[in-house]
Amino acid sequence: MRTTQFKVLEEVNLNNPIFIEALPGIGHVGKLAIDHVIDELGATKFVEIYSPYFPPQVLVGEGGVIEDMVNELYYLKAESEDDHDFIFLVGNCQGLSTEGQYELCGSVLDFVETLGAREIYTLGGLATGQPVEGDRVLGAATDEARIELLKEADIEIRSADGGIVGASGLFLGLGRLRGMSGSCLMGKTPGYFIDAEAAEAVLKKLSILVNIEVNTDKLEERAEETREMISKAQQMEQEMLNRAMGQQQPQDDLRYIG
Amino acid sequence: MRTTQFKVLEEVNLNNPIFIEALPGIGHVGKLAIDHVIDELGATKFVEIYSPYFPPQVLVGEGGVIEDMVNELYYLKAESEDDHDFIFLVGNCQGLSTEGQYELCGSVLDFVETLGAREIYTLGGLATGQPVEGDRVLGAATDEARIELLKEADIEIRSADGGIVGASGLFLGLGRLRGMSGSCLMGKTPGYFIDAEAAEAVLKKLSILVNIEVNTDKLEERAEETREMISKAQQMEQEMLNRAMGQQQPQDDLRYIG
Amino acid sequence: MRTTQFKVLEEVNLNNPIFIEALPGIGHVGKLAIDHVIDELGATKFVEIYSPYFPPQVLVGEGGVIEDMVNELYYLKAESEDDHDFIFLVGNCQGLSTEGQYELCGSVLDFVETLGAREIYTLGGLATGQPVEGDRVLGAATDEARIELLKEADIEIRSADGGIVGASGLFLGLGRLRGMSGSCLMGKTPGYFIDAEAAEAVLKKLSILVNIEVNTDKLEERAEETREMISKAQQMEQEMLNRAMGQQQPQDDLRYIG
Amino acid sequence: MRTTQFKVLEEVNLNNPIFIEALPGIGHVGKLAIDHVIDELGATKFVEIYSPYFPPQVLVGEGGVIEDMVNELYYLKAESEDDHDFIFLVGNCQGLSTEGQYELCGSVLDFVETLGAREIYTLGGLATGQPVEGDRVLGAATDEARIELLKEADIEIRSADGGIVGASGLFLGLGRLRGMSGSCLMGKTPGYFIDAEAAEAVLKKLSILVNIEVNTDKLEERAEETREMISKAQQMEQEMLNRAMGQQQPQDDLRYIG
């Protein structure tokens, strides 16, 4: 595999779909929120994305069956014909390298544009490093009009105090270059764990902005499951980092002979 | 050299060959096992693989003659015409970068598919960090049917507890995307040394699953030889890491002037 | 986005333009100086440059509107028709990788050459690690004739004592290979902060060499604004480095699952 | 600049030239030796090689004139028409990345093959970490016949105890894949300094193997000059590493905004 590949499972016709990115990130806020939406509202997977920029590995899933590193697109039809449909981007990883991030975001935008998407939401977490009190959701956007919409939804606007790293930032930036407009909703989280409260807060704000209503009762349960997956992932991550740091530990060293 | 190159030493016709990956990894379990099979059963090298994704170096072998960083394919004809032949992938390294891993695994799959391979085994080690007691081999697979076969061979199924990093994972994942099915056998090992016992355990389970019978008496001897090679390799590895970490040590620094 | 893209906002005809590079660097001396020139003299932005070699992120600007990682070209017409026009290269980042630096510098040189640029100035800082006394500006150049011009402007010539890393060096080197000549002006700076004094010193020397006269009264004010931006940037930088160093901190980890 | 570029200064016809690689490395043994040969015997530079895989920087040379990161080919005609001519590869850097090393070595081999080179010597240092006593030169080679030639020159053969990292190893490996034969001469050196004694020892052995006679009286003087250059280089190296390690020091950070 030398290039990113889109495996289309179903050809779809969507009505002015809104594209919502929710790849893994800080506190897995966005991922947790949209995995829940997909499950509760029965969104349909229609594209699998494989890429040489993903970590070179597989995961071991339930019952010993492997899981690929993958990004996926789901669609959700609006209840009314007059309303926007949705495309969700979820997965178990982001691209590893700088160039990989640009290539992946660009490829996905190419794809969702052909389906008519002109509007983007990216969901993420913002680590505070301490317990979160008060409003949990911060917003940023591609333009002033979008900022106004966020304000109308009573979302605190993030002031000029840093950046948005990875897919949640890049989709907005690269999207705007193509004339798409978008917003990023960031759930404040201590950052130490998978944060169901932050995910719930983001979902509540999202439901004001777009026509998604979802019961969040099972969100904490889902968070617990995700915590278990993350724990495994961090273990692998730690192993890779230890290797990179040169500690002579009993790990699968990709780089050497024998 | 800008791309991975396959140097074909012999054109072969194989009967529904089973592809078995055994590149260097944790405890060099897979490598040790299959190097032993190749030697004992007289498998024939028919392809050498060179790649710009391998470490930029050569090794100094016996008598001062250099050895390339290389992956190799061997074939072994089944004793009966009705049985599967075998293709083994061995070597002294894996690809260094993320993209390199994907490129190499994809290229090898392209090649073995043209020879009719539809079934994959990947052999590796699983570091426990402590002495291993009881069953030594864990299995994972691309699908439920494969998992059943592993269970029938009395192989413990690895539960959802992490991933398989590098070639042993990627061959299964990329293979499944092409409709190939496969299993990974992981020999538990403390991980601190080249583990002949883990290799023997993996070979015994493999011989139940496929038609390979091999005497393992000399496996410990081979492990000792491999330990010596590894020791040299780790020394080089350490040197490269020291360099990367910026320690001002007397090493061949590729990055600077003079 | 797979390649560097030049978004041309205005087609321009320039008279033997002098190309001046002032991307972010040590003490942000060059950036501070030329951002000030652009503002004070009313230079016009005519090209935006986007690249997959830039950091994969966006910044959050005033009022929550995102800012792309970008390099920009501005032009400034000379007051007299007989005099050189100017092209300024500014931005909020440099390329991240080795190959990215070469690709970006080469692409920009391709572009400004088509506009007739044959002469280059690169502006940077030189960290002293201690308070700076006496002359603040050091010069280096592509050839002896240029060195003479620097000496005539009473600029101290940097002796053979190291190198010029990044765009300020590479533009001179790659430019000379195309037959362009150029000079680098380096403002000595303690390096601990955004240094308006160093920027002012560089601007004063530049004004002797080329026909740019600018009031520097507001330079300290601009430095203060830049300090705030930098502070945010360093925070992000630190987060990325912490991640890379494997500290289990509450950060958006691009590399993993959930 | 997106690919490695060969700038040919003179078209030459050479008689079965021997190709000798002497890029910077441990103790700068090879570089020191061949820079001396080029100077003393008046070899002629005929190719300059520029590459996006070199460090993205320039050096500041004598009088403030910049020096490119560059590799260079020199030729030296044999005294007798019946004897081998020589091609020397020298420079102030090696490729930075794995793929860069392969690309550069492959490109140079392509080039020198068209000039008729079929025989390779690579010169390097071998760090001992302690004062060197007795024989100073170790050899390795692409084949047994070459090993015999080394033994006839009374060169100790390096036993199977590690590898040869970088250009000195890769030229032999990639050369052999094209049917070229070659040897590596490694001068043992404590590794803590630029080692004129190791360079002299390598030159003496080389003069037995090929027809190069050179007075080594000025070698120590040259070593001293090289030490000064190296000192500057290490300073830059250290700066780059500090940056990479995330220390908030006053350096030209390529990765960030302002």
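As written, the chain order gives the labels A, B, C and D, with residue 1 at the start of each chain.
Quick note on the criterion: contacts are C-beta pairs under 8 Å (C-beta built on N, C-alpha and C of every residue); 3 or more make two chains touch, one makes a residue touch a chain.
Keep in mind the model is a prediction, meaning the values are calculated, not measured.
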How short can a chain-to-chain path be from chain B to chain C, counted in steps between touching chains? 2
Which chain's centre, taken as the mean of its Cα atoms, is farthest from the centre of chain C? B
Superposing the Cα trace of chain B on that of its twin chain D calls for a rotation in degrees, to the nearest 5, of 90
Roughly how many whole angstrom separate the Cα centroids of chain A and chain B? 34
Approximate Å spacing (C-alpha centroids) for the pair chain A, chain D: 48
Mind pulling the residue numbers of chain A that touch at least two other chains? 55, 59, 69, 96, 229, 233, 236, 245
Edges wherever two chains touch, nodes for the chains themselves; is that graph a line, a ring, a star, complete, or other here? ring
Every touching pair of chains is listed here as A-B, A-C, B-D, C-D
Within their complex, state which residues of chain B touch chain A. 24-28, 31, 55, 59, 69, 92-96, 98-99, 101-103, 105-106, 124-125, 127-129, 139-144, 147, 150, 157-166, 168-170, 172-174, 176-177, 184, 189-192, 194, 226, 229-230, 233-234, 236-238, 241-242, 244-245
Within the complex, which stretch of chain D touches chain C? 1-2, 7, 50, 52-66, 68-69, 96-97, 100, 229, 232-233, 235-236, 239-240, 245-246, 248-258
